[in-house]
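Got some structures for you, see below.
In the two complexes that follow, subunit A is the common piece, with subunit B as its partner first and subunit C second.
Let's look at the complex of A and B:
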């Protein structure tokens, strides 16, 4: 406990600099703005910002990304509540009750519930992270390369099988990511491999052009083409929006304010959402959308008025937002203690850590304890900033979400190209962005999930390194992975999870055909 | 053929390609073992994906791959990449921004010009002045 306190104090010393606080606040504001624009997700926001963090000191850079992630997470709920257009995938659940409340002229109330539930659940989940990170890291120090490799395999399997398009294609996508990770230098000898004689390829593919190509350029082009197709539907949406009688909204200030008794009514939903979201968040790959959905369902089941859900229940909004945001803290536990990102946002943050010369993993907590605790405290500051700027922002938001998309998309494309360049000041990497944009478009068209691909790409070198270290130590005897208990348990889990998921999928298909 | 069958076939083909190319692109057997094992697994999973039966469903979140707009945007990004390498960022941005907007259907040339000037100015301010990283 004393060690924890002294680390917290040392972390505070590092944190209390204008640059860090300004970066965290700037990240939150940028996240709120980008999350609130439908079509620009938290992932696009992080991808665009990662290259710029290279110019900040490590704490400020990571603080900016953490703030961005938090801001965008809440920002996604704003268009979901106001226009029934979720800004981020996880905000879909918030729209169930948020939009009906807007139609009743209570948009302000819905936004406040979402904001408070987000910040409270996020704050508690950060506390969970702080208290669990040290014990998990202590346990992680004791594991060897065989166990580490097995844990990475288990995490990759979990991330892959939870893909929307199915477990088999998720696993195939993960393998494609592993294959891409083997391009460049051999992780053990450093010799060039699969570089096809190219100097640029011999050091491997940089994560920034890859992420920008996959998740920004291809996404923007896809959205532009989709928007053209959906123009007719947009007109329909606009009509629906017009059905909200502005006079209802202006009628009473009471409709927009949140009373203490209403807030008290939301507390059980927030508590339940925090518990469910935190448990889900600690497992790699499950994701915030599942956290939000399970929390919503559990709150509906426990409610005395389940019939109100879907018609504008404030408990519904609180549950969805709490479930979604509570995933954030525990999601960083595997990243910080084992170097395994739990989701795509964490994977991109890992990329930023690496760019700053920091390697999260079992030894990170021991070697960089003050820095790590500074980052933990940044999470609380970011929560406070989200609350502060969230209150201000919700008042201006209607104008922001109605900004013309074509201008936003064009500017994002330009920033993606600049972001690719400024990491290494190398214009050749623009070709990588272009190639990965094409691959991204093909993946979208071919229903190939890209999240397992990118996470496998990030973890591929360390997985190979650990496997080869283990085999070197044990005279190339593969049975060592099964004779070590921890390794055997994780590999068995991986096999069981794959077999069970495929069996369940086949069974549900068989019942559907009957 | 369904989309998943095409994807599976492409994945398996990629696996086959890498499997046979790897020995010529590595210095030692150990170095090539990981990509070869992964490519073998990729072949297996590619075939499994191709064998997956999929209901032919028309979703609203899909576009044609040979969509003229999509191809125009790709050509535009490629052209910008070439321009950046040859003439630098600012001339390329000045062409990319209005072209994007025109392709998107924007026809108000005053707004387009104003937007291009403001965005380029902002980029100069952020990248060159604030971050001190001169764009070529």
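Let's look at the complex of A and C:
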């Protein structure tokens, strides 16, 4: 406990350089703005900003990314509530009750509930991180190469099998990601393979150009293609906006403010959401959308007014937002203690850590404690930034969201290409961005889930490395993966998850034919 | 006519004084990621060299292929002495261990070194052996039992493999991708021995009494572990060698090399520079171009182990 305190104090020292606070606040603002634009998710925001953070010192750079992730996470709720267009995937659940409230002319109230629920849940989850990271890191030393490989296998299976398009395509997408990760340097000897004699390819495909092309550029092109179809819808939206703004807004201020009794009614939902979200967040690979969904369902079951859910229940919004934001803190536990990212945002932050020369893992916690606690404290304080800027921002928001898309898209495209180039000053990587944007488009067209592919790509080389290290150390005896207890447990979990999914599928087919 | 003489006089004067270099910005190629340890150490030294030379020095990070991409970008640049390469000598031989074409070291002119890194073999505190000799006899009695993980230095791993071959020992060998994962593996008792650099997480743990330093595997002694011998002292012919230094093209003007070497020597005596290195686990020190060349030669000798031992 005293060690924790002294680390927190040392962390404070590092933190009180204004550069760090400024970076975190800047991240929050940028995140709010990008998260609020439909189509620009928190992932895209992080992809775009990663290259620019290399010009900051490591703490400021990472603090900025974390602020960004927080800001975008709440930002996504804004268009979900106002226009029923979720800015981020996890905000879908927020829209269930947020949009009905907007239709009733209570948009302000809905936004405030979302903001308070996000910040409270996120803040508590950061405290959980601060208190649990050190003990988990101590336990993490038990994770050797064999155990590490099995945990990664478990995470990959979980991510692929829970993807929305079904387990088979999910697994296929994951395997393709693993294949891509084997291009470049052999992780053990560094010898080039599948590099086709090119020096540029011999160190592998860098994560920044890949993620920017795969997620960001392809998303922009996809949106442009979709927009033609959506033209009609957009006109409708415009009408709706006009309809809400002048008439109801002036009618009563009460509809937009949040009374204390209403806030009190939301507290159990926030508490439940925090608990569920934090537990989900600590597991690798499940993600914030599941956290939001489970929290919403649980709150609906426990509520005295379940019939209001879906029709504009403030408890529903609180549950959804608490559930998704509470994933944020504990998500970093596997990342920092093991170097295994819990979701895509964490995977991209892992990339940023390694490019700053920092290697997350059990030794990281022990030897870089002040730096890490500085980060944790920034995380905690960023919630106040989110609260502060969130209040300001929701007042301006309607203008921002209706900014012409052609400006937004071209700006994003330019930043994506600049971002690719500045990491290594290498024009060759621009080709990667373009190639991966085509792959990304094909995935979108073919409804192939993209997240398993990207996570498998990120974890692929470490999975191979750990398997081969294990075999090197045990004279190529494969049974070691089953004789080591922790490794055996995770491999069994993976098998159970696969078998259970198949069983459920068969059962639902059987009932369908009956 | 008077004017022409004046111009000639000035030109000759500058040439004689050697003040012509540098008269414009210098570009410095760092073949590793911005923010990494080589990059951040280079940036500290460069900051002081800038003031001394009174011209801007632009750092150009060109990472990839274990340094080869940066080295090749450097060779493609003009050999006028205004493009400098920062390179660890061990990186010249890395391609050999990866089954790639070796870098031709004759194309580089070593200017001066600023850091020499030593590689150390560490063991666990709960092991029955406390010295290198005890380790050898324990390993001989328990073939196949011990596990060794390299902390990311392939050439040092080969020196260790050579010792095993010469002593006819059976120890399982693997590579970790850096000092931190190797240290985590030995602290978690997943391996018995690791190899790590001076100032690496393993070394930090050893200084805190959590690991035992057994021997040095590179070619220099360390004052903090005075009892440890190098493999050369122990009678093995090979020892790895890592020195971080500046390089110019072999055909670059001699005055450029001299000016850079002189400046490097001067800034490495600056107290403020040494302060900035405090807490990094390594102390910068000046090495002449010849000493840098010796480190390359030592590395090239180790590279032969790839043929002797095989993959």
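Assume the second predicted complex is superposed on the first by the 504 of 514 C-alpha atoms of A that agree within 3 Å, B and C clash if a C-alpha of one lies under 4 Å from a C-alpha of the other, contacts with A are read in each partner's own complex, and residues count from 1 in each chain.
Everything below uses one rule, namely that a contact is a pair of C-beta atoms (placed from the backbone, for glycine too) under 8 Å apart; a residue touches a chain by one contact, two chains touch by 3 or more.
Predicted model only: the values in this text are computed from it and were never measured.
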| item | value |
| --- | --- |
| Simultaneous placement of subunit C and subunit B on subunit A, clash or fit | fit |
| Touching partner for A:104 - first (subunit B), second (subunit C), both, neither | neither |
| Touching partner for A:279 - first (subunit B), second (subunit C), both, neither | neither |
| Contacts of A:190 with subunit B and subunit C, given as first, second, both or neither | second |
| Partner chain(s) touched by A:356 [first = subunit B, second = subunit C, both, neither] | second |
| Contacts of A:176 with subunit B and subunit C, given as first, second, both or neither | first |
| Subunit B versus subunit C as contact partner of A:473, first or second or both or neither | second |
| When both partners are placed on the shared chain, which of subunit B and subunit C touches more of subunit A | B |
| After fitting on chain A: smallest Cα gap, subunit B-subunit C, Å | 6 |
| Common ground on subunit A, meaning residues reached by subunit C in one complex and by subunit B in the other | 55, 186, 188-189, 191-192, 425, 468 |
| Complex interface listing, subunit B residues touching subunit A | 3-4, 6-8, 10-11, 14-15, 18, 21-22, 25-28, 30-32, 34-35, 38-39, 41-42, 45-46, 48-49, 52-53, 60-63, 65, 67, 69-70, 73-74, 77-78, 80-81, 84-85, 89, 93, 96-97, 100-101, 103-106, 115, 119, 123, 127, 131-133, 135-136 |
| Residues on subunit A engaged by subunit B in the complex (per definition of touch) | 52, 55, 165-166, 168-169, 171-172, 175-176, 178-179, 182, 186, 188-189, 191-196, 217, 221-222, 224-226, 228-230, 233, 404, 406-407, 409-411, 413-415, 417-418, 421-422, 425, 427-428, 430-431, 433-434, 437-438, 441-442, 445-448, 464, 467-468, 509 |
| Residues of subunit A touching subunit C in the complex | 54-55, 58, 140-146, 185-192, 199-200, 202-203, 355-357, 359, 361-364, 367, 424-426, 465, 468-469, 472-475 |
| Complex contact set, residues of subunit C against subunit A | 33-37, 39-40, 60-66, 68-69, 72, 94, 97-100, 144, 147, 149, 154, 172-178, 180-181, 183-185, 187-191, 201, 204-205, 311 |
